[in-house]
Every structure is written in structure tokens, then in C-alpha cells.
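Both complexes shown next keep subunit A, but they swap its partner, so subunit B is in the first and subunit C is in the second.
Let's look at the complex of A and B:
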């Protein structure tokens, strides 16, 4: 049990450290929300000072932090300084969009990557082996926003199959191919490597068929690679579907974070960072648990 | 009736012929032994007739199996035969099973039966192969079984399809001597009861002779001699076979017979020791967990392990300084912890500790310390004792002048020499050395090791040499045992364990040795000349 509890405790400490660091760092950056408003709305000196006082931004940073902490511990992440809406609502609105995009992308990427790697393991000299290379090079060489733009051009403008904005399937496919490219090559290598393991030769000696060896021996033994990569990719997707969100007009976390940082909307930035940190910790823990589930040697 | 016939069988790896036009036959129900040194091509021959050649190897020639004619260049020809009619047992049981899958499930898959029946059959097979708790073994994952258990399970898996031919490639080489004998006996029994043919591959003529009626001797990819085992083992015709026979260590008995019962200097069986809790609330710790180790007469056994592996505890138990929690220690047939034989035990076995200054009384001169054991055991007159002390000191390379010194006036190396001399005073037959050189400088270490070696050869001492330093073990030990977390993970001849370790932990220990090559470009020596 402590094998799970101890890392969790460490991760919790890490989250606290991140939240604290971000809280103070963002206040070190020159300019706050009032400056931004002043630039946009032409406020008088007196008004600036008054607004700052109303928002509590004139207090020392540590005092602001303690106040934020006191509220946050009760689930109140405050109001957005720019939009004067509860931060929790804003996050709650953005999370589903990002999560559904990330989940769809990962599902498409895993399906494509695992399928290609497996097929090329079964038929090493088939076009599948070539596709492994192609998808891998594709994801390294072509940024997703290029593919996204091309997809909009082809499917929305030329063919007119779908609206440009608010569509999640097309960006999910675009990111999915990128994800597949990141997964397929290491997985392919791992499968090839595992195929030379003595226990695989022993399994052949016991009469296991090619398919049995691929599905019962190679894939489970190579799975830890795919799981570790998926974990990394998923944490990346939760924070980093920004380009696709912007391109396809999806109101996700990436967009929210970008706007909050540009507008110096401290409570929103704080909340988004907190969410990212928690989700990374969650994904990491889930990854560990999956590895344990697969490998009996890790369960002790 | 001929079951298998290999004809002009050739295996090429990278353009080199490792098997060169080999032909042989195996009759149904018969056993052929294939003998040769490593590199003779015997394993490649075995793999080739099972269609298991590695991708880098190219097979040529034909193999007739029953009615099927198989092309050695097409492993696919063996699909449907492998596992079903040809079973294969590999050398290393630890890598014979998928680590992620239960052993029983892998055997069940090999049986080719429907799932429910297959599970039953796997347990039956495991029972047949002598696993004490077959149902539990079937549920176990490979890492939960010992080498001997795994090899039995591998044999069970090879039998799952009910093969006509069982190929066993050095199936006992990775196992301890006692387990080796059990596995060989099992193979012989199975072969007799199931009436299957067997190809038994080994580097050890005697092991092959114990199992096979016919023996083929391979050298450099070709069979140089073939005939009945009884003739080949006694009157070989080919000079190479004679060399193989002569190269066998004298006195070593064929593996199938019970191990030699030359009286052991030290023998432990299922030795367990639990360190009692030091303070309240602390858990007692299991220092030794079922250790079976034997130090033969005149043999030096090196006991390696990391700190905390239980090796020092073992040394203490060996000479009766502490009592085992369970299991038995036999020191020349007696219990060393039995107080009634305390003096006899002390005469037979002595210990050299790591810290020599701690084993010498600082208020006694070297001479007084040397005479102490004689006085305790009532040996000789005063003059004789002094004379013997001086003689012992000379034996360990010290001078008469050192007799009058106190321990603090000696160097670390000299103190350890005194400790060794005193351990030798009563002419023990067994010397237990617990990290005797660890506290010393490198050059002094080499001197002390050379000294121990010289004394051992001269006196024919049995020795238990405990160390974390594999280099030190290598210079002294005939056999090496590796302890990890209180369990023996590997045991065997020093040359085998240190060159071709089978246990992962041994490999890790060996890999941890600092090599000279890696220090080829040393940083400037910080020690001033």
C-alpha cells in the first residue's frame, strides 16, 4: 500500500510547490490586470489605484496568497478579474472541451499506433512496416497546425463536409495521427526487441503460433512502453491542445490559459495551473498502476 | 524404426558454417546424446532439427521426421510439429517462460487443448514432473519459482503436446549439482514411461552417458565419432573424444548419481536465522532464509553478497557463534553451537574477522596473544608454545621482532597476519574468513589474499571465504555461492558462476565490478607518492 501512498504524498507536495511558485512568479512579471484594463479602457490614475485596491492587488503578495489559500481550501477559486465570473465556472466550461479532444486524440493515436506496430510485427516485410516509418516521420516533420489548416481547407472549404468551428473530430484525427507517430516507432522497436528474447524462442518451441506469440507474448511485454508514452502524451494533450483549440474555435483549457495569461487574470491562471498539476499527477499515478497490472514482478 | 533423420544438415551464421553437413538418425523411443564443447555446433544442430534457428542463421539440408520431410531453411515447415510432436527444453529455465504470464497458462497453451481441459492438463503435467504443489506452481509467475522448479515446469511444457521427440539442450547446466541430478533422473523416468525419443545435448560426457545409449561427439560443426555410450565412454576411437574424457575433473561423478559423500567440512540444511528485534516496536528481521550450503573437505567456497545479504550471519552460524533459528549446521558432522563440544569445534574451525584490531586484545603483546590459544587448550609446554608462536608468525610472513609488539604498533596488514596466525594456531581444518581484506589497502589486500592461498594449499585447509568483493573470491574460491536477502540465488564452480552466471543478481554483482578498462584514462592520482 505504501508503494502507492508514498509517491502520492510526494506528488501532492509537488503540486503545492507548483501552485506556490506560480502564484508568486506571475506577480513578478511586470504589469497586472489593472494595467491591461488601463491600456484597453483609458482609465485615470485615481481609478487605477481604486480598482487595484478593490481587487486587493495593492496588498503584499504573501497576504494575497494567504487569502487565496484560505478560499481555495474551501473550493472557492475566486472571481476572474477580467470577466468577474467565478473561476470554477470558467474552468468547468473549458474542461469538457479539452478532455474530449484529448481523449479522442489519444484513442485515435493509440489505436492507429498499436495497430500499425502490431501488423508490422506480424508481417515485417509488408507495407505496414513502411507505414510505421511514414507516420513517424509525418509526426516529427509536420506541425499539427499545418495539418489542421490543410484539413480545414479540404474538408470545410473545398468539400464543405463540416463547419470550420466547433468540430472536434477533425482536430482529434489531426492530433491522433501525431500521437500515433510518437507511439508507433518506439513500440515497433520494442516489439522487434522482444521478438528476440529467449522466452519467445521457448514459446515457439512449445508450438505457439505466430499470432499467439504476437498477442500473448510480444504485445504484453511491449505494453509498458506504450503505456509510459501514452501517459506522457496525455499530460501533454491536457495542457497542449491549444493550437487545435484556437484553429477550430474550441473553448478549451488551452484557450482559457492563454487569455488569462495575456490579461494577467491571476485567479484564472492559478486555477488552470492547479488543474494541470493535478491532472499530471493523476495520469502519472494511473500509468504506474497500469504497469503494475501488467507486470506481476512489480506487484509486491 | 527411424523417427528422425538429419541429412547433410548445415547451419551458416554470417557466412561461417557452424554446423557442417551433419547426418544422424534417432530411432523412435531411443535417446541420442550429442556431446561437444561450446562452439562445437551442438546447440545449433538441436535448434535446426526443431526449426528454431535464429533469424541470423541460415539452415541447409533436410530433416526427415516421421513421414514429413522438412527443409532446414524453412522454419515454417515445422509449424504444427513444434510443441505437438517435438518438445524442446532449453538450457536456461529462467528465460524459458514469459515473465508476464502464469506458468500454468503457458503450459496450457502448449497443450493445444480447449481452455478448461488445458488448465487441468497443465496441473497434471506439473505433478508428473515432480513439482510438490502443482496447482500453486501453475498459478505462479516465473519469477516466483526457483531454477529447478522452472526447469521442471519447462519440461512439463515440452511434454504438453505429447511429443514423439524431446530435445533437451544442456537442460541442467544452469542448475545446482543436487537439482541437476534430480532433473536428469526425471528426464530418464519420463523418457522410459512415455516411450518418447530424446536428443540430449550436453558438454558433459558423463551426464550424456547416464542418459543415452548412443552418443555422438561433435567438434567444429561436424560429428567426429558416434557409437554406443558404453564404448565411447570407455574406449573412444577419436583422439578428440579422448581429450574430452581426460578433461573431466578427476573424481567428479556423473551427474545422475548422488553427489559424492566425501565428508563435508561444513554443511547446512535449510538454515534460517532471524535477528531478534533490537528495540521494542522494531520487527525481527529474517537474515537467512533456508540456506543449503556445503563446504567439502579441502574445498574453498566463496560466499558473495551485498551488505545485508546475510553472509556474515552465515559465517557466525558456521562456527557456532550463534544458534540457528531453524535448520541445521553440521561442522565435521557435529553441531558447532553445542557447548559440550566447544573446544573440539574451536580446534576444527577458526574464524578470521574483518577488523583485525578488534580481534586482538590491545593490552597483550603479539606473543601473549599467540600463546593464548595453546594455553586455553593445554597444548605443549611454555617453551614449546613460544616456539610454535614464532613458527606461525614466520608462516604468515612476520618476523621474530614482531613478537614483542603491541597491536597498535603494527600496521593493519600486519595485524591481520597476526589474526590469521592465531586462527591457525590450533591447526584447524576449516578457516572461516569474514571479509578478511576489506579494511586493508589494495596492495596489502593482494598480499593477504596470496598468503591465504599459500596457507590453504600448504595445509589443505577447507575454507569459507565471505566477501562482497568478487575479485577476492576469484583468487581463492573453488566454488562460489551467491547470497541475496538471506537466500542462495546461485551456487556452482567458481569458473562457471563468475564467467557465466545464471542468476540475475550474480550478473548484477559482476557488472558492478570496477574494470581496469573503464579506468583506462585515470584522473591524476590524488595520493602523493
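Let's look at the complex of A and C:
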């Protein structure tokens, strides 16, 4: 019980710390949503003061926090200060785009990474081994926004094959290759190490085929490593899709958060950060459970 | 058994999730075909954002809501008010009584015919909201009435020259629009397109108004505004994802080189200027001679090149050359048309200013233009503290009035008064001009506003401008027209006087797509 409860408590405390920090940090940034309204709508000084009072932004920050906390604890994330729309609706619109991009990227990355690592483990002196290195170096050396821009230039503008705005395939491939680069090397090392393990040598001695050894012996033993890496990468992806969302005009959480920060729309910023924090805790917990499900040693 | 199911379920779920996402992209499948069909009939535009669904709560740089709401007047390309929902009007000789003949046969998006009573209800709502451009003129209204279904009368306490132009931004919506008593959530207007679906910061999709009062309009099935300010629209235009979009100067070369793209310019200009802190000036910048010295160091042509590329026109007035309120003699007498650094330094020395020992705080946006301005001041030798902030941060800092110099720009407006009012003591958003507080200037602008005769109004405005120039409140660098790019398969589109995406004689309602892009 404590093996699960204690980490969860720690994660919950972390979420609280993040939410509190973000609440006060966003208010340190110069300007608030009333400045945005004044800028966009050319308000006079008296109007600015009146709106600031109406929105409660003239109250002390701790008072604003307690008011927000009281509502959030009842599931009410409030209205966007800028657009007067429910924050929940705005997040509900943005979540599918981010989830879809993250899931596709992870799927492509896992498929590519596992395939390359496996093939190079089966044929260690083949071009697959070189590809493992290449994909790994690619992900370290080339930022995804550079690849994304190049992809737009080639596929959307020169070849005219795909739209720029709303395109999820190209960003998913770009991020997918990046993900593959992050997992392929450790996975390859794990597979190489497992390939020399006594139980694998015994299997070879029993005359098991190469395919049997790979799929029944090597891959199941490497799965916990892949899942642990995937968990780490997925948490990174939740925020890491931002660049691609902006580049390809995808209406995801990253774009929402960025625009809310630019517009000093505090309730939206707080809600998105809360969602990010909860997501990361959930992914970490799910990763842990998956590892337990796959690796019997962890359940003992 | 349980373990085996869980593992397979996990792997299977992952595969289904990935497949569901990837199948969307397989060419030839239904979603893609549907996408292509929609693109052929939907005009896709990116100009400015949309802050509120309530048309009465926002004035200023508005680009989107004109497609679903209209005013009594519209602004023609030459800046004059022309009939829109009012088919005609008369103004009494004393300039106080306006009688509008409301257009017959105009239907709201809910099918009900608009009457003068609707106009009256909207004017009363705007008066009571007391916000934005219309707040000041509506306080000058002594009475309003709708004696019959097609007549709307406004009686002013005193003459108010800009009224007809400013009424182009008093949007008429049906009083039965949801949220009328507080914040209108779904405005029911009369424009060529209905409000449709709004996703803040994302997009507005507006379907065509089938009973629109102008025959044959609109020419496309819907219009979709992209409201994001984080997207590079030049790429989307070149790829054919967007039909019409504003373009920054640094993207102009690439777009001009593309044979599928046409560049057009808005009819009114943005003006670019350096303002001093006029409400709480620090020494030595409270000395008008020091301000003049700094003005001598300004290289207007170079700064305009940085701001607007080849589209900049140097001048010394808030109206651009060619505008009725611009004065050629004043322009020719510009003592700062060319930079004279030696004179600037000599004047500073004469005033006992040693730049190397003088701190100068500059507040600006984060752009190349403000960097060039700061560099000009560094070259004069000042101890420059340059606070380059994002839009909102700069707005806040300007309001604090703890700076010395602010290089900024401001966009097109429906009437010249909306530029002058920004320098008035109780004007809106005066920070960009250092918030001068000068009753004499206020009086001159009020005289201009009250002048019924247009030539007299112009003379009063120019008096006010000379007053501001003599005090070096702000130094105008010049003007540039905002560039709007459209793909060549869009016909009938042209930018108007202001940002508005639709007007009586042009814009989205008049645009059509000649082929599927």
C-alpha cells in the first residue's frame, strides 16, 4: 500500500507546489488582462481601473489565490478573463489536438525505435546498427522546429502535398523520429545485453529459431525499459508538442497556454498548468503500473 | 490469464490509437475529400483577433466582427462615411441633429427585419455601457428616438464632427441576441455572414447569411477567420491554406516573389512616432530644447525602412500625405526631415546636457525598429536603458510613466479624431503619446470636433497639431500602409480604410473563390 500511496502523495504535493508557484509567478510578469483589453480596445484610465476592480485584479494576490482555490476545489475553473468563456470549454477544445499529436508521435517513435533496435540486435553488423546511431544523433543534434520548418518548405510549399495549418502527420513524424532517437539507443543496449544472457544462450542451445529468440526472449525482457522510457518521453511530449502546434497551427494545449500567457489570461494559464501537472503524475503512475503488469519481478 | 490479457490489451490499444490517428492522412479517404470540398467554398482569412462576442464591448483595431454586424455608416476608401444600414441621412445646419433613414428590407440572421427601433435599442445599450470610442460621443447625445420604423434621430448637445465616421463602429444587433442584458454571447447581426462558431484565440467560422440585403452577396458559403497570433501566415498563404492574411514587412519579399500571391495595402495608414514622457518628464527631457535636439538625431528614412521596408512615407504629421487632414506646407517645413547629429549634439551642449552622464529610459515593443531607435540614442552618447517588452508588458509600463522615450506606432482609425483624442487629457490609451495633460490642446481638438464646416475643422486640427509639435510631445517618423496578401484565386477582395473585413463596398462579402485551391 505504502509503495503506491507514498509516491502518489509526493506527486500530489508536487502538483500543489506547481499550481501555487504558477499562480504567483504569472502575476510577476508585467501587465494583466486589463492591459490587454486597454491595448486592444483603447480604454481610458478610468475604464481600466473600473474593469480591474470588476475582475478582482486589484485585490492582493493571496486573496485572489484563495478565491481561485475555493472554486477550483469544487471543479470550477472559472471563466477566461479575456474572453468570458468557461475555461473548461477552452481546454476541452484543445485537449484532443494535443493528445492526438502526442499519441501519434509516440506510436511512430515506439514503432521506429523498437524496430530499429530489434533489427540491429538481430543483425549487429548490418546497416540497421548504423541507422540506430543515425537516428540517435539526429534526435540529439537537430531541433524539431528546424525539421518542421524544412518539412513545410518541402512538402507543403514546394511539392504542395499537404496543408500547413492543421496538418498532424508531418509533426507526428518529426516528433516520432525524435522520440525514436531517444529510445533506440538504450533499447538497443538492453537487447544486446540480454542477447548474451545465459537464458538466451540456453534457448539457442535448445535450437530455438532467431524469430523465437527475438520475440519470446529478447523483446519481453526489454519491454520494461521501453515502457519506462515511453513514460518519460510522454511526459515530455505533453509540453513538447508546443513547437509543432505553433508551427503547424494546431489548436492544442501548448498553443492555448502560450496565448493565455501572452494575453495574461490567468485562469486559463492556471488550468492548463494544473492539467499538465496532473497528466504527468498520471502518466508516471500508469507507466509504473504497466511495468508491474509486464515485469513479474516488480510485483514481488 | 489476467496478466496476458492486460499485456495484449495494452499493445492492442496502442495500435488502435495510432491507427486511428494515422488513417486520417491516407489520401483518398473521405475526410480528405471533404476537406478539399470545404476549402473550395470557404474563404479563409487571418487579420486580427477577436476578443469578445459582444460587438458593443470592443472598439479600436477590429477586423473580424464586421462580417456579422454592420453599422449605419461605412467608411469608403477615401475615409468618408457612406450609407450602410442607413440609406441616407441629413444633418441640421447647426450640426446637432442627425436624422437617419434606416434601410428597408434588411434582415437579421434570425430572419426578422431590422427597424429603427432596433437601431435605437443598440444606441441606448452602447450609451449605457460607457466603453470605448463611442463612450464620449454618446455622452453628448441629448436625445434619441425612432419616430417610425425607418427613421432614427440623434440630437447632440453640441456639434460632433466625427459622429458619422464613428457610427460605422456602432454595430447593430438584434436585441433578442442571447446575453443582451449583460455580455452578448451570440450576436444576431445583419452582416453577410452569421456569427457561427467562435473558438477564442483559434477561429471563427461564419456561414453565409442567405437573406443578406445586398443582392448576390455573399459569394462564398462561409468565411473562416484564423484568430491565432502565433502562426506564420506567410507560409500558410504560400501553401494555399489561407486565402487572405496580414503580412509582416520581413515576409514581404518571399510573398512578392510568389506568383500566386497578390499584395494590397490598406487605405488608411499606420503612423510611427517617438513620444516623450509628457505627464511626468524627468530632467533634462522636460526641456523642449533637449527634445528638439533628440529629434535632430532621428533618421526618419532609415527608421521607416526598418519598420515597413519600402512601404514607408516620411512626414511630420499624424495624417499621411494625401489625407485631407495632412498639410503640405507643414510637411515641407519639417526641420527634422533629415538627420543632423552634429546639430543635435550642439543643442544638447548648449542646454548643458552631457549625454554620457544622462540616463535615458526607453520603453518599447520587441522589434527591430525600437532597437534602431535605442541605437540612435546610444550613438548620441546617452546612458540608454532599453526596456523592450511584449505588447502587454509595454502597455503596463507606458501607464507607469517612469520612462523618458517611447518609440511606437499606431494603426488605422475610422476618423482622424480617433488619433487626436489619444493626446487629449482624458483620452483613451494615452500612454503611447506620454499622456500629455494640456487644456489648451484639448480645447483646440474640441473646437475641431465642433466645427461643422470641414475646412474649419481641418484648420483647428492643424492648430492642435502645431501646438503638439512645438512642445515636442511626439515626433512623427512617418506612415506606412498595412500590407494584406491574398491568393490570386480570390477575386473581389480588397482591403478597406480600416482593418474591417467587410464593408458596404468591399471585403469578405464581395470576395469569391474562382477555383478550388
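Assume the second predicted complex is superposed on the first by the 283 of 300 C-alpha atoms of A that agree within 3 Å, B and C clash if a C-alpha of one lies under 4 Å from a C-alpha of the other, contacts with A are read in each partner's own complex, and residues count from 1 in each chain.
Everything below uses one rule, namely that contacts are C-beta pairs under 8 Å (C-beta built on N, C-alpha and C of every residue); 3 or more make two chains touch, one makes a residue touch a chain.
What you see is a predicted model; the values in this text were computed from it and never measured.
Applying the stated contact rule after C-alpha superposition, one finds that A:90 touches subunit C and leaves subunit B untouched.
By the touch criterion defined above, A:179 reaches neither subunit B nor subunit C. Look at A:117: by the touch rule set out above, it reaches neither subunit B nor subunit C. Judged by the touch definition given at the top, the superposed model places A:294 against both subunit B and subunit C.
The partner of subunit A that touches more of its residues, comparing subunit B with subunit C, is C.
In the superposition on chain A, A:30 makes contact with subunit C only, not with subunit B. Of the two partner chains placed by the overlay, only subunit C lies in contact with A:108; subunit B stays clear of it. In the superposition on chain A, A:251 contacts subunit C only, with no contact to subunit B.
The intersection of subunit A residues touching subunit B with those touching subunit C, taken from the two complexes, comprises 294, 296. For subunit C in complex with subunit A, the touching residues are 3, 6-7, 10, 14-15, 17-18, 21-22, 24-25, 49, 51-52, 57-61, 130-133, 135, 183, 199-203, 226, 228-232, 235-236, 238-242, 389-393, 395-397, 399, 422, 426-430. Subunit A meets subunit C in the complex at residues 29-32, 35-45, 47-48, 80, 82-85, 90, 93, 100, 103-104, 107-108, 110-111, 152, 156-157, 160, 163-166, 168-169, 172, 246-247, 249, 251, 255-256, 258-260, 262-264, 290, 293-294, 296. Across the complex, subunit A meets subunit B through its residues 196-209, 212, 216-217, 220-221, 294-297. Note for the complex: subunit B touches subunit A at residues 50, 52, 54-55, 79-80, 82-84, 87-88, 90, 92, 95-101, 106, 109-110, 112, 141, 143, 154, 157-158, 160-161.
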